[in-house]
Structures are given as structure tokens and as C-alpha cells.
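Read through the structures below before going on.
Presented sequentially are two complexes of chain A, the first with chain B as partner and the second with chain C.
Take a look at the complex of A and B:
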């Protein structure tokens, strides 16, 4: 396999990843406007962070690796892209969890169409104390 | 050579930006606004990476790493403010 074929395959893979990212961003935007309350909107936020941001940044890094006319600074582009993607995939779930926990215990977000709240029942029964969660 | 086709993906991201701005302005509670601003930050980081590949400029991508860390800092500070009603020192 020559280097030209490898570049073509990597380019196609990177464009597929960037297309998945664009689709996920639009889906997350629709979900952010249509979902009823804060705890359901966390789901749209996860789609935005992982599907819409992590995947196309990986795709852009792979695309930057194939730009041979760009010289050695294409490795800088690809490396910085991978570092950004790893930061996002590690820190976005942690941030969402912190925000959800704070919004639940400070009662800043109303749980209006309520189907089930098992944590509230556990706290009422005394199995889980509020300070230790 | 193969970079020009990146321009076709930009409008989808712009549509998503408009929808997040609507939620950030309208959001009934504070955590909704913070969540929408998080998503805006992630879209902006993706934009910076895409533009730095599209314009072939390595200077732009250095901002994306810092932006990803600032979004996490916003989450931590807002959750601390919501729980304790203070920002700490």
C-alpha cells in the first residue's frame, strides 16, 4: 500500500468523524431545547461533549496528520488536538456530575415532571445520609 | 488540498450554537444556564480546532486546551456556589 492510499483512507475516516460530530451537535441542540427539566438536559449535554466535541477533534487531528505539504508543524496540530480531546473526555463527565449533585442538593433545579426519585426515598428511609452523598 | 471540504460542516455547528444560546438566555434556573454555557464552550473548542486545521494556523489551537480547562473550572465554581452560597477562597 502506498502512502497516497493511506492518506486517502485517513482523510475519509476523519471526514466521517467530523460528520458524526456535526450530527451530534444538532441533535444535542434540539434536545437542549425540547427536554423538560435540568436532569434530563444533562443527557443532551453529554451528547454535546462526547459525540459532538471529542469525536470531531479526534477527526481533525487525524486530518492534520495527513497534510504533508504543511511541514513539521502538522505534528503540533495533531498533538494539541489529541490533548484537547483527552481533556474533554476526562473533565466533561466530572463537571456534569458536580453540577448535577449541586443542583439536586441545593434544590436550585425543580424536578417538575417527576417519574421516580429513588435518592429522595433513600434519604427519607435513612439509608443514605445527605451529608455523605 | 483535502481541507476545503471542512467548510460544509460549519453551518451545522452554527445551528447548534444558536440553539444553545436560546437555552442559555431562556433557561428557567441557574444550572440550566450553566449547562448551556458548558455546551457553548465545547462547541467553541471544536470550532477552534476545526479552524486551525482549515486555516493551517497552529497558533489558534493553543486556545482550545485552555478553553477546555476553563469550562471545568466554571463547573467546579458554580457547583460550589450552589451548594455553599459562597465561592471560597
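Take a look at the complex of A and C:
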């Protein structure tokens, strides 16, 4: 009976993770449409990548582990899912970082409703040089 | 009457071929460049119809926008830039209207006749004949116990690779040689250019440290996945070309994230050319290996032969080694193609990333 209980707990956890993913996708979609400039929209797309892809893929992998009728192939499914999730969580922030940096220093994105730009102040003060950022 | 309708596609093909030839002649003898471009567009229209009737709808899909729309537009734009537009006497309005009406009427009549003769259908799904053909390929690609199916079999569960490299190997050979000729052309143009010798500096070149670290993790992974795609080409979707293109992504990442001077540490142009030649020799060897074995043993063999054919030819490659399916020549083809495509794209990326200043230096030196 204990393995049944473990399966039930894992199933519930995986469904919760998938639900968080769906919520994050909706939030990211609203943010993509409503946010005013490039940098905050980039923030919305990061929510989509981490909350909307990484979390539900982990959930799907855990769900695949619990499906005993799949036989040994469920371990392949789960392993592929975990590897994909690890690569997304490693690489999506890198992509966002490079995009933001390129957009900031090429001045391609207009920073219109500007609340604070600490990097600009640091560059003006001379604490940060543009080439090392 | 129905017999006439059956003949109709061939008649339309003949008329289209004649009309396209006339359009080419007019385009050559025409002195007015704008008119010549329009004649060549008319020729392209007829060619598109011909391609459709020869049952290559995929080529029509590419040919119509590029050759009928884009190419004349680019030509007209270029003519406009080189000459003063007003000096070129445009076509008289009546002539252009007549040409347009003739082309439209011919297209409509031809289309109506083709629909009547069932050469063109408006059905979404392909006809039952194509399905029978697909069924035949699916049944014969992998082994079966009947000896007569073994005659046609490529012994590979992946039908696309079997068709591409076994049933229609000669087709694929010429298709793939187009890309190799393009790379030879790029190398010939860039034969005096070289990447300037410059030391790679970690702190002053390339993108930020975050991007570099992520790329260091990613590049070996990409190459491993690419090799897996290439080597499993006879088992799963993919193959040599797809694997090679995936591996070439690693080279472009190294060039963009780090620097060209970092990438040339690992991929030197002349080494890449050598490896590419090894890949091409592998393709040629895989294509002729059956005939070589046949010549050595005194049997009969064919070019692009994979499995032994019980009726015609006894020689062929084994389809498995120690219980592992290798599908005869397909594994050889995929490995060689992987190497050739990977190195070909690496050469192209390295050549494209030569700085403009060093290219201009060489060009100015030649002119002077």
C-alpha cells in the first residue's frame, strides 16, 4: 500500500506543478500584452520560460514516473523531461540577460516609463565601464 | 471525349513549353529591359504550370513567389537604380493589357481543362493511389520474411532515410552535391582571404561572462545530440544532414558568443576542408561499395545498391552487425554526410565572419 500512497502524493504534487505552470503562462501572456516597454516585457517572457515551462515540465516528469502501466519506458520519459527542464532553467535566463544587455547598450529599446536606471547612474559615476558589464 | 480529356494535360504541357520558349526568345531579343523582365516573368508562369503538371507541387510552391514575384521585382528595382527610369520607354498600355489578358485567359482555360481531366483536384486528401504507394514503401522498408519483399527492402525502420539514400539514392546524391558545389564556390571566392591572426582575449572580446559560461556548457551537449541524430539516422527521424546542421549551430554559437579568434582554435578552415573531403569520399565509397565488392568477387552489382537482391545481384552489405541494425550502407551514408555537412557549414560560418577590413585589404591589393 505504501507505493500506492507515494504514487498518490507524487500525482498530486505533479498536478499542482502543472497548475502553477498554466497560471504562469496566463500571467505572462497578460504581461506581454500590457507591459509598457521592452525590459518589463522581457520580465514577462522570463516568467513564461521559468514558471510556464520549467515548472510544468518537472510536473510532467513526476507524473510520468507514477504511471506504472507504461513499464520501464516511463523512466526514459521522466529522464528526458528532467534534462529538458534543467536546460531550460540554465539557458532561458542567459538568453534574457543577453537580450536585455544588447537592447540596453545598443539603445534599440526605448526605456520610456523610466522609474529608475541604476546602471546608467553607475556608468555616469564611472564605477562601471560599459565594456565590462 | 473522355480520351481527349485524358490527353489534355499533355497538350497543355506542350503549349506551355512552346509559350515559355517564345517568351524566352522575346526576353532575349527585347532591347527594353523592363519589357524583357516582364517576358521572363511570363516564362516563369508557364514553367510553374509545367512543374505542377509534372507533379512537383513543392517546387511550384517555391517557384511561384520567387521566380514570378520576387525576381522580376528585384530586376525592376535594379534597372531603376542603374538607369534613369524615365529614359526607358515603358510598355504601351494596350500591349501590357493584351499580354495580361492573354496570360489570364490561357491560365483560366488551362485550369478548366485540367480540372475536367482530373489532373487538378480540389480535394484536401490525396488520392487513393498515393496511399497505396506509401503503403508499399512502408511495407518494404523494413525486413519481412518473404524473400520477394526482401528484394525491395532497405532493411531500415525509418522510411524517409530508406527512400532518400536507398530507393532514390542518385536523386539525393545530386541534391546534396548542390550544397557542396555552393561551398566550393564560397571557398573559391574567398581563396585569398584568411581570418586575421589575433590572440583571443577573454575579457575584451565576445559577450558577457554569463553567456560565455552557458555556452561552454551547451556546446558539448549540442555536439553530442548532433552525433546522436546523425548516427541514429537509419532508426529515427533525422539523419546525416540534420545532425550536421545541428552540430554547425555549435560553431556559430562559438563565433557569436566568444569570437572568431576563439572558434579558429578548434575549427581551422583547412582542417575543416580536409574533414569535409573525407566525408565526401565516404559518401562516394558508400555509393559504390556494392559494385566494388561485386567486381572483386565476380558477381553483379549496382551503384547505390544496399541489400543483396536475390534475383539480380547476390552482393550487398549486411543489415546488422552482432544484432545491431545498421541497415547496410545507410549508416555509412549518414556518418559521411554528417561529417561533410558539419564541416561545410563550419567553413561557411568561418568565412562569413572574416572582418570586412581584411577582406577589403585583399581586394584592394588585387586591384592595384
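Methods note: the second predicted complex is superposed on the first by the 132 of 133 C-alpha atoms of A that agree within 3 Å, B and C clash if a C-alpha of one lies under 4 Å from a C-alpha of the other, contacts with A are read in each partner's own complex, and residues count from 1 in each chain.
The working rule: a residue touches a chain if its C-beta (ideal position, glycine included) is under 8 Å from a C-beta of that chain, and two chains touch if they have at least 3 such contacts.
Bear in mind that the values here come from a model prediction, so they are computed numbers and not experimental data.
Looking at the shared chain after the overlay, A:111 reaches neither chain B nor chain C. In the superposed pair of complexes, A:49 makes contact with chain B only, with no contact to chain C.
More residues of chain A lie in contact with B than with the other chain of the pair chain B and chain C.
Once the two complexes are overlaid on the shared chain, A:81 sits against chain B while remaining clear of chain C.
Contacts of A:60 after superposition on the shared chain: chain B is touched, whereas chain C is not. When both complexes are overlaid on chain A, the residue A:101 reaches chain B and chain C alike. Of the two partner chains placed by superposition, only chain B is touched by A:11; chain C is not.
Once the two complexes are laid over each other on the shared chain, residue contacts for A:91 go to chain B and to chain C alike.
Of the residues of chain A, those at positions 87, 91, 94, 98, 101 touch chain B in one of the two structures and chain C in the other.
Those residues of chain A lying in contact with chain C across their complex are 87, 90-91, 94, 97-98, 101, 131-133. Within the complex, the chain C residues that touch chain A are 203-204, 207-208, 210-211, 214, 217-218, 221.
The touching residues of chain A, counted against chain B in their complex, run 11, 15, 18-19, 21-23, 25-26, 28-30, 32-33, 38, 41-42, 44-45, 48-49, 52-53, 56-57, 60-61, 63-64, 66-67, 69-70, 73, 76-77, 80-81, 83-84, 87-88, 91-92, 94-96, 98-103, 105-106, 108-110.
By the touch rule above, chain B contacts chain A in their complex via residues 1-3, 5-6, 9, 12-13, 15-16, 18-20, 22-23, 28-32, 34-36, 38-39, 42-43, 45-46, 49-50, 52-53, 56, 58, 61-62, 64-65, 68-69, 71-72, 74-76, 78-80, 82-83.
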